[in-house]
Amino acid sequence: MILLVLLGISLFFAVVLAFVGDWRYAPEINIAGSAATFSAGVVLALHVYLYGPMMVGHKFFFVDAFNVYLAVLTSFVSMTTAIFSRRYMRVERAHGRVGRWKMRFYHAMYQLFIFAMLLALLTNNFGVLWISMELATLSTVLLVSLYRTPTAIEAAWKYFILCGVGIAQALFGTVLLYFAAERVLGVGGEALLWTNLSQVSNQLEPTVLRLAFVFLMVGYGTKVGLVPLHNWLPDAHSEGPTPISAVLSGLLLNVALYALVRCKVLVDGSTGSHTAGRMLMGFGLLSILVAAFSLLRQKDIKRMFSYSSIENMGVATFAFGIGGPIATFGALLHMLVHSLTKSAIFFTAGHASQMHGTQEMDKIRGLISGNPVVGWAFIFGAIALVGMPPFGLFASEFLILTATIKDAPLLTPLLLLGLGVAFAAIFRKVQPMVAGAVPPWQTPLKAAHVPVLLHMALVLILGLYMPRFLSDWFHMAVGILK
Amino acid sequence: MAPFDIAVIALILMFAPVILAPCCAGSRSLAIHLSFTMTAAASIAAVIAGILAVQHGVNTTAIVDMGLPDLPFHLRLDPLAGFFLCVIGLLAFFVSIYSIGYVKGFSANRSIVRFVIFYSLFIVGMFLVVLADDAFFFLVAWELMAASSYFLVMYEDEKAENRRAAYLYLVIAHVGAIAILLSFGVMAGLANGFESFQGYTFASMRATTYPLGWATAAFFLSFFGFAAKAGVIPLHVWLPEAHPVAPSNVSALMSGVMLKASIYGIIRITFDFLKVYPWWWGGIVLSLGLVSAVLGVLYALMQHDLKRLLAYHSVENIGIILIGLGLAMLFTSFHLPVLAALALIAALYHTLNHAMFKGLLFMGAGAVLHATHERNMEEMGGLIHKMPWTAVFFLIGCVSIAALPPFNGFVSEWLTFQAFLLSPALHRPILSLLIPLGAALLALTGALAAACFVKAFGVTFLGHWRGHASIQAVKEVDWHMRIGMLLAAITCFSLGIFPTVVINWMDILAEKLVGGKIATTAGKFGWMWLTPYAHERASYSSFNVFIGILSVVLVTYLLLHAKRTAIRRVPAWDCGFARTTSRMQYNATSFSMPIRRIFGPLFHIREESEAIQPVRHPAYPEKLRYRLRVRDRFWTWLYEPIGNVAFFVARLVGNLQQGRIQVYLIYSFVTIIVLLVFLG
Amino acid sequence: MTPSYAAQINSVMAALILLTAFGLLIQRRILGLLHLFAWQGFFLSVSTAIVGYVTGVHHLFISSFLTLTLKVILLPYILYVLMRKLNIKREIESLVNIPATMLIGIALVIFSYHLTSPITHLSTLVTRSTLAVALATVMLGLLMMVTRSHAVTQIIGFLAMENGLFFAATSATYGMPMVVELGVALDLLIAAFIFGIFFFHISTTFDSLDVAQMAKLKEED
Amino acid sequence: MIDFSSFMTEVLQLLILLLAAPAFTGWVKTVKCRMQGRTYAGIFQPYRDIAKLFSKEVILAENASWIFRFTPYIVFGVTVLIGGIIPLVSIDLPLADTADVIALVMLFAIIRFFTALAGMDIGTAFGGMGSSREMTISSLAEPAMLMALFTASLGANSTSLTHMVQVMAHGQFILRPSLAFALLSYIMVHLTETGRIPVDNPATHLELTMIHEAMILEYSGRHLALIEWAGMMKLFIYSALGIAIFCPWGIAATDDPSGMLLGGVFLTCKLAAGGVILVLIETGLAKVRLFRLTEYLGSAFLFATLGMLSFFILE
């Protein structure tokens, strides 16, 4: 029940905002909608935490520890992003970059996007999972090109085509999966349900699943932004309005990775080997290295952080690939803290570029003196992002690295290289932006402090004092993904 | 009250300013006094805790229910931790008192609160590093220390050189931290209970015995990490960049004790976790130590920035400490516990001493900077007349670091020499041949250090004022700063005079770590005689030295001043040369010129001189411009290549993202095909 | 009609689909592309219907109907209208010359046959032999997107891939579950609107639908 | 506690040091003049010089700081202390354990350190030059010196001077090739440290030949007297130290007067001979350019190392 409410709210608000999205209180409505979604999500989470996994609507929805925490995360970040976008879009509108229709469209699509992601997370059916992934893409494509600048349109087009092609591969994989499942579970909708598949995964036909996983890997991997399928990501994440960049980097990637991991569990279950895991490790490592080195030569602030998203997703993918309790725990934690940190970073980056009227990092200077909250949040966000304590990403990277050196010691030098380069690259750019005196072209700005501070506080807490229930969740999830 | 409780109190007190300082941000002086008084109190508490911990050889553990639920923060106070707690606390105490005066001198537009917060966090981080008892907490503390010191280096962030230095520092530190993390990973992976997060506790790492291959990996990973933080050549380049630009009280702490945190780490992992190892580990550590010592002091000699010079000396002294550690490891791997104990004690004692005199020297340099707003020695001179107190304290620091008896620097260096001379006991002819050569290098280091500090003190405090600004503006610093330096100076002196007491106190460390004690009281009259190995082997009594010199000096002085004798003050004679100006003095550059000539190949020297006015006769130009640039060779050997390679690779990788959507489609197309071929 | 006949007819349809796929690969004129695409959809829907009829899996009729409406009528029509509106030039040069494209295409067909043969052995369905064709169609669609640098052709290639997927679903498993079929169709519809909008944006911003000029966002210098 | 007799030995030794040092210097000068065919003022001239200086008034440069005035006393004090440590006639010295050879080297370093500071105190070009060169030379000389001492200490495997003497003079007699090398390098270092090689010449005040002299250029009166006296003692001590290490035979093991008397006789003869050798080498060796110094001291270091190698290889 609560689950349907959870899904319903965002859909409902999507419709509402489609009509009143340009009203002057539309942002507040948007916030209210996401807040409601969030509270529903919390209730659902509590329910799962107390009574364990559950299935709703003729096995159509399935909630377990793994996806419920992602659902809560998604609704939470979408709420804070809504709060942020209130201030942000107001400034954008004042600058005349978006008009009434665009505001409408923006708000409606925002809610639709959240709906798509929640559906993808909560559904039990691989087919529906695919559909909602596609829906999530489609709902954001036009948001990326919201500003109608040539680069924005180019980015959106690449996003549309590349993800479309990728996701098509995923559908083919799903067909193959269905094909294999049907021969065990019989014809009909039952055969695509995760709950059934996960039980019989060891009876599924390995050859077929291996083939299927190739397509699923390429399909969902494209959406995770794994090298070499990542090319759309920096463009799409840097050209759209910042709130969209935040949710794309912070949430959509997670959802895609979630889909990928579910498939991986099935495939490894069926083949009984570690094939899929190794594939994930390979893609993850490649992504880390390529992203790290690409970071070195960035000029555009949002583009740089999109690359760091690729890097961090690579880390998480790699960790899932390793498997084993420690690494999986680390990967789950990494998904969580990364999306919190990355969205916070995007908030501050957005404000920074608004203050300087450009996204070029060489023009952004003296943030701490200009706007202390933004400045400090920015530098601490960067510190958290590169995996320094006492922030949460350190905890996850700590677990992942130690697990790596236990299970795949020969890869650690590469990992060390990647993380080191990424650190150097990001700090090389961030430091001058926060430090120094205020440049003449900087304009003061009423920044949205709440979301940033909230996220940073959470990341800090997760690094210093992770609540017991969260780790219980993670342990449950680890059990599921074994 | 148990030592551990005192340590906890110290932590709380030290953390308090982080919360309190913002509250009283209104009144600058209140914020300063309150915060630094608290940090001073906290430091004293830490010192007491440390002393007691070592005294009674306590071994208290505690668990703070933070961090990961299955991996809470473990704390442990054992003698080793206690010793380092004591070292850190001692210097932090002096520096905190000093800071009251020093921080007042900051220009009014700087945020005091920002400084205080990071200052406290920095010291808290160092305390926690030595108290931490599991890998996760250790690294958290480690990086807390690194990050907060980074912000302190960045404190005057409008200067480009500060930003550059801070960046370099943080990058090297963080890469090192990842290496340490990996070494913990190795050990945790072999320790039992890895899956249940229990392998991460130091207790289980201690309990494990490691196969040689893994042990080697763990050791060298961690050694790399710690060396990067300690500034062991060739990982030292950040040090002479970061220490000069940081506020001087911070550089005192960074140079004095932060580097020691990595010494602690090396000792902890080597002697406490791994325990058994082949002799060549020690050999490598020893030779790295020697290289750092010699090159460090040579580079120091080439500097004319006072704080940069001191920073390079930290490289040298870390080298000396590593020499001791390396010898200890060698002796341990040949099962000579007593000799190992000697070497280890030498290293630890030098750790303590270096903390004291380097802290003192940096405080002195800070005082000079505070008074003259100048770091460049070429602009100084004759300060002894303006700043008599600072001069005395700085001189004591110089004498100590130059390893002259009866001060403390000498004791530890002497012990190291003794350890060297005992190397024939190693049952490897080749080693007993080579290691004394190391002793010779150590001697070279000592002598060069003496030269360097003659230069440092002579150019800064003696002779005539060289600066362009008037010397009249220079004033002696206020009493807070003087007291800070005075205490440090007294400590240096007493550590030199009563080594036996200290060594008796810390003998337990050697016993716990390498299983041997050094009988320091085998001498005839107990505490007076320091006889590390055996009485007839070697002995040294700094007390006698001091008394002896003092008495002779007094006697002669009294004899000569029995009758009132006038002293006539006249212009300097100088072989009768008239009109000597202050520009004619030897300055830092000219002082080190012979050594620059002799050791030329080790430096990256660019030297050019031109006559910049019409010259009547080539031999007598009106005016010469002389430029000299001495650079660290390691920049060109190591760091620039690394940077270039990184950017080259980055450019290659950039070609992946070349804009055309067809190409991107081809990527995914090819990916599918490849995967299908290999897995389909 | 006995299954064997159905299988034969189905195979014929598969052959035709493959043929149209190749046609799309080599066709230069956009109008031709549209017709070919429509035909492909038609064959697809027919084969789906037949399979549905033979095997009595009734929701296949629905999916066949959806295919008919969407892919045979609606999408080609939209594209046609857009072409008229944006008066797109008739001819589109392929980046790779046609024969080479053909060869690659053949190779792909062989490859996909090689891939699917182990699976088809497992299958017991009448339609199993056509899985290879389905995969080949997907691949060919992708190949078409790679070789053509025009927005419309890319879209058509994309839709051809979708056809391949539907065909795969039919031939491998007598179609996906109903809800999935519907959802996919819905997505397809939305996609159609989106690329419709896109054509406008692109042609207004770049005054042509040639995507080769959209290469500003890049790292190399 | 120290018994009275050994205390007396200590006092006696200090007296010998203070009184005999100028004579030794005089002796060296005399021989040197003889060698160079100059007339000489007799071996008691140094006493007269010191006396003269003591009676003269002190003249200080205006900007001389307390370091400048303090240094002579330090120099004198440390020198006397060292003199009290090394065994001259008997090894039964209460102070003997105060410092082993390494500590002795470092005690000499104190003298050098403060002299150099004093040299820089006035702020004249000469003073700075002197300090700079002095510190450079010594930084090269010290390793050689220590190597020589290590090599010598290997035999007794002890660095405590008395023990070394004991082992060599009163243990059974062994011929050590290593000691020959060590001695050679010791003498070379000795020449440098007492300001005779490379360019230094205690006799003159030419810019080119000043190192030690350049530092004490500004001294006068009793300050100069103390420094000169300390210098003489330094020469004496270096020689006596060499004797104690390399041919200690004759140094009494106990403090019975006869043995000490014998030791005294031995000492006198050895010193006389040593002085002659010193002069022979000094006049024999040409002065070298300052930057040739590395070769000179390098070879000294090399000999010491060879000595050590030969110890491990041959003995």
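A few notes on this one:
First chain written, first letter: the chains are A, B, C and D, and each begins at residue 1.
Keep in mind that, in the parts below, contacts are C-beta pairs under 8 Å (C-beta built on N, C-alpha and C of every residue); 3 or more make two chains touch, one makes a residue touch a chain.
The structure presented is a predicted model; accordingly, all values stated were derived computationally and were not measured.
Among the other chains, the CA centroid farthest from that of chain B is the one of C. Pairwise, the chains sharing the most contacting C-beta pairs are B-D. Chain centres here are Cα averages; for chain A and chain D they lie 78 Å apart.
Here the spacing of chain B and chain C, counted between their Cα centres, is 70 Å. Mean C-alpha position of chain B lies 35 Å from that of chain D. Distance between chain A and chain C, defined via averaged C-alpha coordinates, is recorded as 31 Å. Multi-chain contact residues of chain A, defined as those touching 2 or more other chains: 157-158, 161, 165, 169, 211, 234, 294, 297.
In chain C, 115, 142, 145, 154, 211, 214-217, 219 are the positions where the chain touches two or more neighbouring chains simultaneously.
Chain pairs that touch one another are A-B, A-C, B-C, B-D. For chain B in complex with chain D, the residues that touch the partner chain are 381-382, 384-385, 391, 395, 399, 402-405, 410, 414, 417-418, 421, 424, 429, 432-433, 436-437, 439-441, 443-444, 446-448, 450-451, 453-455, 457-459, 461-464, 523-524, 529, 531, 535-541, 544-545, 548-550, 552-553, 556-557, 560, 565-575, 577, 580, 582, 584-587, 590-595, 597-598.
On chain C, the positions that touch chain A within their shared complex are 57, 115, 118-119, 122-123, 135, 138, 142, 145, 151, 154, 158, 161-162, 164-165, 168-169, 172-174, 176-180, 183-184, 186-187, 190-191, 194-195, 197-198, 201-202, 205-206, 211, 214-217, 219. Taken together, the chain B residues at the contact with chain A in this complex read 66-70, 135-136, 139-140, 142-144, 146-147, 154, 157-158, 163, 166-167, 170-171, 174-175, 177-179, 181-182, 184-186, 188-189, 194-195, 197, 200, 217, 646-647, 649-654, 656-657, 661, 664-665, 667-668, 671-672, 675-676, 679-680. The part of chain A that touches chain B in the complex is made up of residues 157-158, 161-162, 165-166, 169, 210-211, 213-215, 217-218, 222, 227-229, 231-232, 234, 275, 279, 290, 293-294, 296-297, 324-326, 368, 383, 386, 388-390, 394-395, 398, 401-406, 409, 412, 416, 419-421, 423-424, 427-428, 431-432, 435-437, 463-468, 471. Every residue of chain C that touches chain B in the complex is listed here, in rising order: 95, 111, 115, 142-143, 145-147, 149, 154, 211-212, 214-221.
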